[in-house]
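Both complexes below contain subunit A, partnered by subunit B and then by subunit C.
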Partner chain A sequence: MVKRALAIITLLLIGFWLAKGLVGVPFGEDKMLVGEYYLENVKEQTGAVNAVTAVVVNYRGFDTLGEVTVLFIASTGVGALLWRRKKERSAKSEGSVVLTAGAKMLLPFIMLFGAYIFVHGHLTPGGGFPGGATVATAFLMLYLAFKEYEIDHKVFEPLEGLAGVGYVTVGLIGLAIGGYFLFDWIWQTWQFGHENIGRLFSAGFIPIIYTLIGIKVGTELTGIVDNMIKEEPKGGGQ
Partner chain B sequence: MGEASKISRYLYTVIVLFIIWMFLTSSLDPQELEIGLILSLIVGALTYEVFTEKGLANLHPKRVAYAIAYIPYFIWAMIMANLDVAYRVLHPKRPINPGIVEAKTVLKNDLGKLALANSITLTPGTITLDVKEDRYFIHWIDVTDESVEGASKAITEPFEKFLKVIFP
Partner chain C sequence: MSQYAALLIALPLMGAFLIPILKKISRSAIMPFLAFVTLVQTGIAAWVFKEVYTTGKPIIIMAGGFRPPVGINLYIGHFASLFVFIVALVSFLMVIFSMKSIKVEPKDKYAMLFLLLMLGATGMIATGDIFNLFVFMEITAISAYALTAYNKSGEASDAAMKYIILGGIGSSFFLVGIALLYGSLGTLNLAQIGQLAQLMDPTVAQVALGLIVLGLAVEAEIFPLNAWAPDAYQAAPHPITTMFSAFVVKASLYAMARILYLTSAVSSWGNVLNLLIILGTLTVIIGELSALRQTNVKRMFAYSSIAQVGFIAVGFALGTQAGVNASVFHMVNHAIVKALMFLAVGYVALELGGVSLEDFRGLGKRMPLTAFAITVGAISIIGIPLFNVFWSKMQLVMAALEAGKTGVIALILGASLVEAVYYIRLIHTMWFEGEGEKIGEDTLLGTIMLLLVALVIIIGIYPDAVWQIVQKAGKDIFDVASYVKNVPLMGVSP
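And now, the complex of A and B:
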C-alpha cells in the first residue's frame, strides 16, 4: 500500500515536472528550423513527394541503417537465445475449416498489400518497415492457422542477409560515385525519373531501398515468429 | 473435381492479384501497371499453391455471374436480419429463444464452406460456432426448429443455392 502510494506520488511529480517544461512550447506555432529546409527542398533534392521517407532514407539515411541493424540484431538475438538442436512446432490442433480456408484465401492479398506499401514509400505514408511488417503478418497467419506450417529456412535466411547487403551496396555505390555513403546516385547522377515527380518511377533510390528494407523486415519478423513458436520435442530432456 | 494444372492455378492467382492491384492504386498510369504486373507475378509465384485449387475454372462466366448476383442478395439478407435483431432488442418483452443447432450443408469445397460460415455469421441472429465436415454448429437467437433438417432449411439453404454454383 505504501509502495503503491509512493509510486503514484513519484509519477505525479514526474508528470508535473514534464508538463512544466512543456508549457514553454505552445502548440500550432512554427517551430521548424531544419524542417523548413526539408519541406522546401525535398522535391528537387530527392524527388520524393513524401517528405518523411525522404528524411528517413535520404537526409538521415544513417538512422535507417541503424534501425535495420537493430532489427537484425533482435532477430539474431532471439535466434541465439532460443537455439536448440531439434525444434518442433508445439501446436496441438489444426484450425477449423473456416480458419484454414480463410488464411489460404487472404495470404496473397496480404502479401500484395505489403508489397504495395513498400513500393509506394515515396508517395504514400508507409515505407519499408510497415510494408515488411505487413508481409510478416501473412506468415504469422500461416503459422497460426496450420499445425505443420514452417517457412523454408534455406530461402528465408539468405534472403534476409542479401536484402541487408543490397542496402549497404546501394549506399557504397553512392560512396564511389558521389563521395559519401548513401549518396543518392540514381537521382543526382543519373537524373532518372526527374520528369515525373509524384509518379512511381521517381525519387531516386528510395523505392529500391524500401523494397530491400521491406524484404528484410518481412523475413526478419517471420524468423522471430518462427523461433518463438517452436519448442523442444517431447522426450528431449532439458 | 480435382486440382487444376499448375499453370492454370498460377495464372488465376496473378489475374486476381492484378485486379486487386488496380483497385488499390486506382490509377491506370503505365508505371503503376508495370510494377503491379511484376509484383503480381512474384506474389502469385509464392502463393498460388496455397491460394487456389481450381485455377482458371473459377473464372467460368456462370460462376462469376452468380458471385456478382450473390452480393445484393446477401446485402438484402443482412439488412433484413439486422432489422429483425433491432426489433428483438427494442421490443419490451425481448422475444428471444436462443440455442445451438446443428445444420448440414451440401457444399464440398473449403472456400464455399468459408463463404457460407461468414454469410451465416454476418446475418445477425445466427453465428457459426464450428464447422466439422458437412455439419455446421450455429448459435441461433430464435430457435424455431431444433432438428438438423429444419435448421438447414432455415439457415443454410437460402445461401447455398448461390454458393453451390459459385464453389462447386
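And now, the complex of A and C:
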C-alpha cells in the first residue's frame, strides 16, 4: 500500500515536471526549420511524391540503414538465444478445415498486397517496413494454420543477409559515383525517370531500397516467429 | 577522398550482413572473417586518425550528399578519430580472444552481434545528428542485450533481463528528450542545436537535458541506473565484458558530454551540471564500496569500472576545459587498463574455470604472465606514479582544484584509497598465498597482454605525447564555437 502510494506520488511529480517542460514547447506552430525545406524541395531533389519516404530513404537514409540494422540485431539475437541443435514445431492439434482452406486462399492476396506496399513506397503511404511486416504476417498465418509448416532455412537466412548487403552496396555505389555514402545515383547522376514523377518508375533508388527493406523485414520477422514457435523435441535432448 | 571515411560504418555492416551467406559456404571461415573485418576497420580508423591529426581539420561525412541540417552528417573530429581507433583496435584484440574463449554455439550469430556492437559504438562517437545518435545507441544497446544473454545460463538471462528493461526505459527517456529539443528548436543537427541553444526556453532545456542525461545514464553506467552492470559484466562472455568496459560505456559518456557542452549557452545549464556531478559522485562512492566487498574477481573489476566511470562523469561536470581534458585522458587510460584486466581475468576463468578470489590463490606461480598483467593493471588503476592512470587522476585533481570543487578532490583521493585496499588484497592473494603447478600460457594472448602492459607503462613514463592528443580531443568537445563553424550548415534558419 505504502509502496503503491509512493509510486503514484513519484509518477505525479515526474508528470508535473514533464508538463512544465511541455508548456514551453511550441508544438504545432510554424517552427519547422528543416521541415519546410523538405516540403519545398522533395520532388525536385528526390523525385518522390511521398515526402515521408524521401526523408526516410534519401535525406535521412542513414537512420533507416540503422533501423534495418536494429531489426537485424533483434532477429539475430532471438536466433542466438533460442539456438538448439534440433528443433521441432510444438503444435498440438491440426487446424480446422475452414482455417487451413482459408489460409491457403488468403496467402497470395496478403503476399501481393505486402509487395504492393513496398514497391509503391514513393507514391503511397507505407514503404519497406509496413510492406515487410505484411509479408511476414502471411508466413505467421501459415505457421498458425498448419501443424507441419516450416520455412526453408537454406533460403531464408542468406536472403536476409543478401538484402542487407544489397542496401549497403547501393550506398557504396553512391559513394563511388557521387562521392557520398548513400548518394542517390539513379536520380541525381543518371537522372532516370525525371519526366515520370508520380508514376512507378521514378524517385531514383527509393523503390530499390524499399524492395530490399521489404524483403529484409519480411524474412526477419518470419525468422523471429520461426525461432519462437519451436521447441526441443521431447525426450530427444541434444 | 575524405568521404571514404564512411567505410567505418559501411564495412562492419557489410561484414555482419555477409555472415549468414558465408555460413552456408563454410562455418569454420566465420571467425577468421570476423578477424579480417575488424583488422581492416582498424586500418581505416588508423588512416582517419592520421588524417585528422595531421590536417587538424575534422572529416565531415555527408550521408546522401545532402548538407546538414537537411541530411545527416558524421563529424569525425579529434575526439571521434581517436576513439573510433580505440574501438576498432580493442575489437580486433577481442576477436583474437574470442577465437579461444567462445565455445558456445551459434558462433555465426555471435560474430554478427559482435560486429554490430562495434558498429554501434563507432556510430555513436562519429555522428553529428541527435536522432542518428539515438539510432546508433539502440544498435549498441540491443546487440549488448543479446550478447549479455549469449551464454544461455540462468544467471546470464537474469542479467540480460535487468539490462533490457532498464535500457528500454532509458531509451524512451532519451527519445522524449529529443522530442522536446526538436519541438523547441525545429532541428536535429547537433551543430545547429549548438548554434540555436540560447534561443531555447530555459525550463524546456532543463527538462530535455535532464531526460537526455538520465536516458544515457543507463548505457553510461551512472548511478542510479547502473544496477544491471555488475550482473551483466559477470555473466556476459569474457570478450564482450571487455568491450562493454573499454568502449561501450565511453561512447555513452561522450554522447552525454557532447550534448551537454553544445547546449552550454542555455541559462539553466548549471542545474544540469549539478545533477551530473551529484550522480557521478554517488556512482564513485557506491562503485568503490561495493567493489570492496566482492569475492568474485570479475564482479570486483566491474564495480571498479563503474567507479572509474563516475570519475569521468564528474570531470565532464566540472564545466571547464581542464576538466574535459582530464576526463578524456581518463577515458583513454581506463580503456587500455580495463581491456588488459578483463582480458586477463577472462583468460583465468577460461583456464581455471572460475573467478572467485579462491581461484586466484597462487596465480603468480601457476600463470605468472597473466598474474603480472593483472598486477600492472591494478597498480595503474590505484594511481601509482609511473603508470598511466596516475596522470589522468592527477589531471582530474588539478582540474577540480582549478574549478574550486574541493569535494571532488576529496572524492578522488578517498576512492583511490579504497581501490588500493581491494586491489592490493588481490595482488597479495595472487603472489603470496597458495601453491600451484605452472600452466602453459597461450603465447598469442600473452603477447596481447604484454603489449597492453607496455602501453600502460609507456604512457606512465612519457605521458606527454598522449596528453597532447587528448588535449586536442578535449578541445573538440569543449570548444562549441569551432564545432559549429566546422559543420557546413546550409541556410535554413528561423
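We adopt the following convention: the second predicted complex is superposed on the first by the 233 of 238 C-alpha atoms of A that agree within 3 Å, B and C clash if a C-alpha of one lies under 4 Å from a C-alpha of the other, contacts with A are read in each partner's own complex, and residues count from 1 in each chain.
As a convention for this text, contacts are C-beta pairs under 8 Å (C-beta built on N, C-alpha and C of every residue); 3 or more make two chains touch, one makes a residue touch a chain.
These figures come from a predicted structure and were not determined experimentally.
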For A:V42, decide between first (touching subunit B), second (touching subunit C), both and neither.
neither
Please work out whether A:L221 is in contact with subunit B alone, subunit C alone, both, or neither, and reply first, second, both or neither.
neither
Residues of subunit A touched: more by subunit B or subunit C?
C
So, does A:V25 touch the first partner subunit B, the second partner subunit C, both, or neither?
second
By the touch definition at the top of the document, which applies to A:G66: first (subunit B), second (subunit C), both, or neither?
second
Per the contact definition, I'd like the list of subunit C residues that touch subunit A in the complex.
3-4, 6, 9-10, 13-14, 16-21, 23-24, 61-66, 69-72, 105-106, 109-110, 112-113, 116, 119, 123, 129, 131-132, 135-136, 138-139, 142-143, 145-146, 149-150, 152, 176, 180, 183-188, 192, 201, 203-204, 206-208, 492-494
Which bits of subunit B are touching subunit A when the two form their complex?
13, 16-17, 20-21, 24-25, 29, 31-32, 35, 39-40, 42-44, 46-48, 50-51, 110-111, 113-114, 117-118, 128, 130-132
Mind pulling up the subunit A residues that touch subunit B in the complex?
96-98, 100-102, 104-105, 107-109, 111-113, 115-116, 119, 142, 196, 199-201
Subunit C contact footprint on subunit A (complex, rising order):
17-18, 20-27, 31-38, 45, 58-63, 65-67, 69-70, 72-74, 76-77, 79-81, 83, 85, 154, 157-158, 160-162, 164-165, 168-169, 171-172, 174-175, 178-184, 188
